[in-house]
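Letters are used for the chains, namely A, B, C and D, taken in the order the chains are written, and counting of residues starts over at 1 for each.
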Amino acid sequence: MSASPAPAFASPVSAVAAPEAGRYTTIRHRTEALCRPLLPEDTVVQPVIYVSPPKWHLAHTTWFWETFLLREYLSGYTVFHPDYAFLFNSYYNSLGSRVNRADRGTLSRPALHEVYQYRAYVDEHMQRLLAQGGGLPAAAREVFELGLQHEQQHQELLATDIKYILSTSPLAPAYQPAPAPEPAATVPPASWLPVAGGVHRIGFQEEGFCFDNEQAPHDTYVADFELQNRLITNAEYLEFMEAGGYRDFRYWLGEGWDLVQQQGWEAPLYWTLQEGRWHRFTHSGLQPVNLAAPVTHVSFYEADAYAHWRGHRLLTEQEWEIAARQFQPTTTGGTFLESNRLDPQPLAPNAPADQCHQLLGEAWEWTYSAYHPYPGYQRAAGALGEYNGKFMINQLVLRGGSCATPESHIRITYRNFFQADKRWQFTGIRLAR
Amino acid sequence: MSASPAPAFASPVSAVAAPEAGRYTTIRHRTEALCRPLLPEDTVVQPVIYVSPPKWHLAHTTWFWETFLLREYLSGYTVFHPDYAFLFNSYYNSLGSRVNRADRGTLSRPALHEVYQYRAYVDEHMQRLLAQGGGLPAAAREVFELGLQHEQQHQELLATDIKYILSTSPLAPAYQPAPAPEPAATVPPASWLPVAGGVHRIGFQEEGFCFDNEQAPHDTYVADFELQNRLITNAEYLEFMEAGGYRDFRYWLGEGWDLVQQQGWEAPLYWTLQEGRWHRFTHSGLQPVNLAAPVTHVSFYEADAYAHWRGHRLLTEQEWEIAARQFQPTTTGGTFLESNRLDPQPLAPNAPADQCHQLLGEAWEWTYSAYHPYPGYQRAAGALGEYNGKFMINQLVLRGGSCATPESHIRITYRNFFQADKRWQFTGIRLAR
Amino acid sequence: MSASPAPAFASPVSAVAAPEAGRYTTIRHRTEALCRPLLPEDTVVQPVIYVSPPKWHLAHTTWFWETFLLREYLSGYTVFHPDYAFLFNSYYNSLGSRVNRADRGTLSRPALHEVYQYRAYVDEHMQRLLAQGGGLPAAAREVFELGLQHEQQHQELLATDIKYILSTSPLAPAYQPAPAPEPAATVPPASWLPVAGGVHRIGFQEEGFCFDNEQAPHDTYVADFELQNRLITNAEYLEFMEAGGYRDFRYWLGEGWDLVQQQGWEAPLYWTLQEGRWHRFTHSGLQPVNLAAPVTHVSFYEADAYAHWRGHRLLTEQEWEIAARQFQPTTTGGTFLESNRLDPQPLAPNAPADQCHQLLGEAWEWTYSAYHPYPGYQRAAGALGEYNGKFMINQLVLRGGSCATPESHIRITYRNFFQADKRWQFTGIRLAR
Amino acid sequence: MSASPAPAFASPVSAVAAPEAGRYTTIRHRTEALCRPLLPEDTVVQPVIYVSPPKWHLAHTTWFWETFLLREYLSGYTVFHPDYAFLFNSYYNSLGSRVNRADRGTLSRPALHEVYQYRAYVDEHMQRLLAQGGGLPAAAREVFELGLQHEQQHQELLATDIKYILSTSPLAPAYQPAPAPEPAATVPPASWLPVAGGVHRIGFQEEGFCFDNEQAPHDTYVADFELQNRLITNAEYLEFMEAGGYRDFRYWLGEGWDLVQQQGWEAPLYWTLQEGRWHRFTHSGLQPVNLAAPVTHVSFYEADAYAHWRGHRLLTEQEWEIAARQFQPTTTGGTFLESNRLDPQPLAPNAPADQCHQLLGEAWEWTYSAYHPYPGYQRAAGALGEYNGKFMINQLVLRGGSCATPESHIRITYRNFFQADKRWQFTGIRLAR
């Protein structure tokens, strides 16, 4: 365990130097670009409690800049609207009362165009703050970087929430045109890659930004293990379905089996049979399932049941990171938000069997590790202390990023987390033994 | 009890003769006019299950014409979109499956402009049907008239649902500008008007249209009674509040008292204290309570508790109609939807004490009568048999129309009905003894 | 409407004169006799919120005597246990806080034998009060009579709650032995009996005790109608089931149809198919359905749907009482609690077709009348004002008593009331047209 | 990680040799002794879903012997009652349908005395099986040992469920007399004991029985840490309460804070203020809080919040076991079920500061470790595979046993598990840093 105290959100000075204004603009624009294909109607609804209206994302990310940067560091700043703090606070108890999360979808006002005015107002003042003599005050740099990362997190949520929202309409509307169909690819069988056990150091030890939950770097012991060199494909998952996987309790955790019964699960989220063939709802509407692509939109329960059925298991987050440190993945060739594909891509047929593929991008990988504090973890003081630490119970860690994660946002120490029943993120499966 | 069988929805031929096309256009336009001040965002949300999104009202009323008129009577008619029957059926089991009522607010698509295209398409075909040689087929005339009445019912729901939707925003947005403030009026004390008991004939016996639930006309006996010559005012209701009415179980029905406790009711819906003064949310945003105006947005439980506290009681629907037949109210001077005021108006200070005021318009009057079938009531055959009859349980009858009811829609035999806990309609109180 | 003010609970002095102590003892003993076949375990459970544990009934009825008689009128009386007022108050807000109704089944203590000690203690003191020089104080006589009636009401609830409790065990335990099987009887077809319409006086106008809800006697008008001369039998109801009555929404009120779907209703409560034959759970365990006996354990929704399917309707409570006043039924030949049969009996095969049978006893008859106050109804002052009046919403009136009603408790003006969905009472069907 | 496959439930032959019959009888008798002070009424109720009726425990443990031993290994065995498999199966999907867990408290039958007959019948046949020539078949020995352990687990649940059941009565009945009050003890301040980090082997590596979830033994790495040498006392916890710990969100996990708000938590379960002094409900009724005793009946959320407030943290289960292996605790001096005290005892005032106390007995210690499979964990085949593995999600590990755990049942590798919100077990707090 690292004895040296780490900053809550580590970001060396160099990361937020001169190109601050440019990075700010680029990231803020991307958020809006994501929403451009939407109609105002699409930005309002909240079909389930964990999906937020896009209008809310647009406003909440802006509220973050206003609250943590402009009100603190831009002298003479006047808030855009006195009620917005109440409306667009997500979960910070430190910052007072707020709209009940379940009621986000009942608010038609402020209108979308007013939210865009809010964004413009805050952007303009942020540029003023960034252009101030001497640049951003030292105290503000960490929060500035956090604001950018926070905005990127909401970009991923926007992509997945939009998909869910459009999926609720029987009209199956398309967010963007479907790509040209590609020739059916053949994915070679997965190979097993060995990783040597022992004491390994994990947690963020690199340059640049990390979230507080990746701290402190620390030693951990794992035994020798093997992992598959790629994600599980739709074809492989379909074998599980066709073998009756959803009808046999023996593969399932108790809570998972209860959900299968109650919810009538018999396939991943978004899958539907049309004239005898499996289709799935995508950002391009209803499309045939691409058998070669990685399976996504499975819950932890399904991932674990699949692994059981195969006679294998999921990785722990320690194993995942140790493997990643061994195989040193880059984002090259992976599918990320920037590609606008919003759909995981199949592995190239000629991908070498002795390399580990798809560690970054395509699909978040469920691990069988609880989202708990690392040894030496410290919550930050003040409101930002509520960013990560208070969620460290009853959630599981996911690793590696997905096709909806910004490429510049992911790294091998990144700890994403969701409850075991959630399926609306691009969540997939990798096996270990 | 009338022995002669009455048509389910009575409407003599004369009512739907030549000016059919004109009436159709006028009524359909009013629906759209009601929605004109709304942003697309406002038309999507469903803050509680009994409030429907305005976009849904716009589409559902159109679906009614398409389903019951165009598909039946316009040869060669092609439906606008094959999925709309599923999307916009309200509650007709006869017509197949439909979107769950609680999920109306999760549908962002079809977009508002698509719903307007749907309306234009159906309107154009309706004009074609109405212009056909020989006019509307005889068989269709009854349904045509019902379609107009149905559209008017949804106009009232639109007015009240819009109010509820806008009220959920802490921004208290205004649907329309506030009228110029008027000098504080003094409403004279209510006087008691006697009505002679005996056997009276009630139910629809006039010319023109009525709903099936106003049939059959029948005799009923009531004892002598007196009723107040006007509605209860906000000032009078405030006395109840200030006397602790919401804190004393003795005035309340058991279910009502449970609601008061669970929901924390301490005033009518939409009321809020601002700097020591009661305000209420209106179509013009938050406004001071006009003490002279009739109290509205009270549940049956509150109406009944108020009456108890005063030592009086509510009328039965039989008493109400017998009184109305005696006092022969007209709609002149009353406030209806067409006035666009969307707020009940105070009685003129010089209103004669020996006349019965506000029987039509201003506020629906809760009666202590269950919404049950009249003697001789017959459900219509087919889907329209689901229009009224199947709701005849656990609801109470309201009489007289409100400031949100179209003037041409109301009559003294009209039986509106809601559950005892509902408060989002313009519902008020008249006392009897 | 009666102008003369009636006492809340009418009971002329003569009714509670000398034989008070004897009536008290007889009725109290019957309550205990009803519980004698039970094991302590049976007296504790509350399988649904509206079924109370027998131990609770035993204690609550005793609490009534203690609270309203002994504490008020027996000088020097000391309560048996200071916590029992909290534990065994049913719903009297006037008397302070109490155990949540839903939690009655979580209380294992006081034990059954302690409740019997409580009963003995109160009974002994009641005898002392009744034996006092001069007898019961005048002020106490009305409450004394009410206590007896109250105890009888709980006897009926005990009989039906015990049935429900035992029915939840897959072991189908018998409360009492089954009677010897009788030869299959043939019930003659129902005949229609005419009743002349006009203004009739209903409500309690007789000698003796009545509840406040039977007051005031008043005139009412009904048109000519006919009613069937007996209750609907199981054989007739089975025709409805076999004709698909539970699968066709057209016969049902909307709320009823929702229940059919949600609860999977396809027969009356307690019915179950065993080897192709319908059985029903009774106080003697599982028994074949006696086709000749009146159908019971149907909700109002089922009664109304059955009537619809036959093309007829249920009576209103006014019609029922007017018919009863015409046919002057006695309790002779009817089945009541005192018979210990606890099961409705078939009509004798030779029952005259021109007489009206089964008006009293066998099964409560659902009427299509809301349980609302009669004209001139006044709630009593104080705690007893909560006895009936506060329940006058969202319930329906049932008439005539059942095989679980004490014979001395029923009369033709008696207004029982339950919500439309309840099925655990002996509730049946009579048709009108 | 151990490469050698371990039996699902490890129990060397020697453990179940000759004294089988004696151990069986002793353990079975203890279960019944625990229930002896109960009235039949107490054995039926289920005040919350996770508390089972004692009658159910008595029957379910018996069902276990009948199902897994007698039906499998005693030739000619006839089940006591054909319905009991349905009634008393707890959660084994392999063994067919069963009573819904939430409905255990609605079953009054079979009666308590019938359950005792069931126990006697099964015990008699078990003795026959154990007395068979050659003793228990080899295949049955593992299951026999598991049956004993299973029965002991239910003894602990019986003790805690009985406490909960009696606590629901406002009468606060005592299960057993209160012990004589002892002079107020002074517990010395906790000292910090260092444990050296590094790679340590944990998991069951000893002789005798263990559950499958303690397998496989494996290496794990921890950094240097310190733990307190005793449990947190009520006095210390009271400081947290008085410092406003329940009113400051900063100390709490998000889900915990939501619970504090929703449930109105302001003290451990069973605590109540009486005349300004904290009392708690015990097996001897309501008693003053003993400030020197370890705090119990806290949820994980409270334990974690307390640790936060002190600026420390809870242990992980790896740290706990490594510390236990270092300090080698025995059960001597600890409080266990056999003592019948059913209440954790204060540490002796003269307990040495350099020793680690209360590791075994008194209170289960919440760890901040998810109940997940150990490396190398294998679910057993068949129904017993459902014993532990399917619960390995959304629960936390507790270590060390409590005053309600049988002394012969606990060991340092034992992994107990509950959801983070549960408080009805004897759960306490030990701090680390």
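The rule is simple: contacts are C-beta pairs under 8 Å (C-beta built on N, C-alpha and C of every residue); 3 or more make two chains touch, one makes a residue touch a chain.
Composition by chain, UniProt nomenclature: A, B, C, D = Ergothioneine biosynthesis protein EgtB.
Since this is a predicted model, take the numbers as computed values, not measurements.
Any chain that touches subunit A and also touches subunit B would be listed here, but there is none.
Separation of subunit B from subunit D in touch steps, taking the shortest path, is 2. Here the spacing of subunit B and subunit C, counted between their Cα centres, is 38 Å.
Centre-to-centre separation between subunit A and subunit C, using Cα means, comes to 60 Å. In terms of their C-alpha centroids, the spacing between subunit C and subunit D amounts to 47 Å.
Residues of subunit A found to touch two or more other chains are absent.
Partner subunit C is touched in their complex by these residues of subunit D: 39-47, 55, 83, 86-87, 99, 103, 105-112, 165-166, 168-171, 173. Of all residues in subunit A, those touching subunit D in their complex are 1, 91, 93-94, 197, 199, 218-224, 249-250, 252-257, 300-301, 368-370, 372-373, 375-376, 385-386, 390-394, 420.
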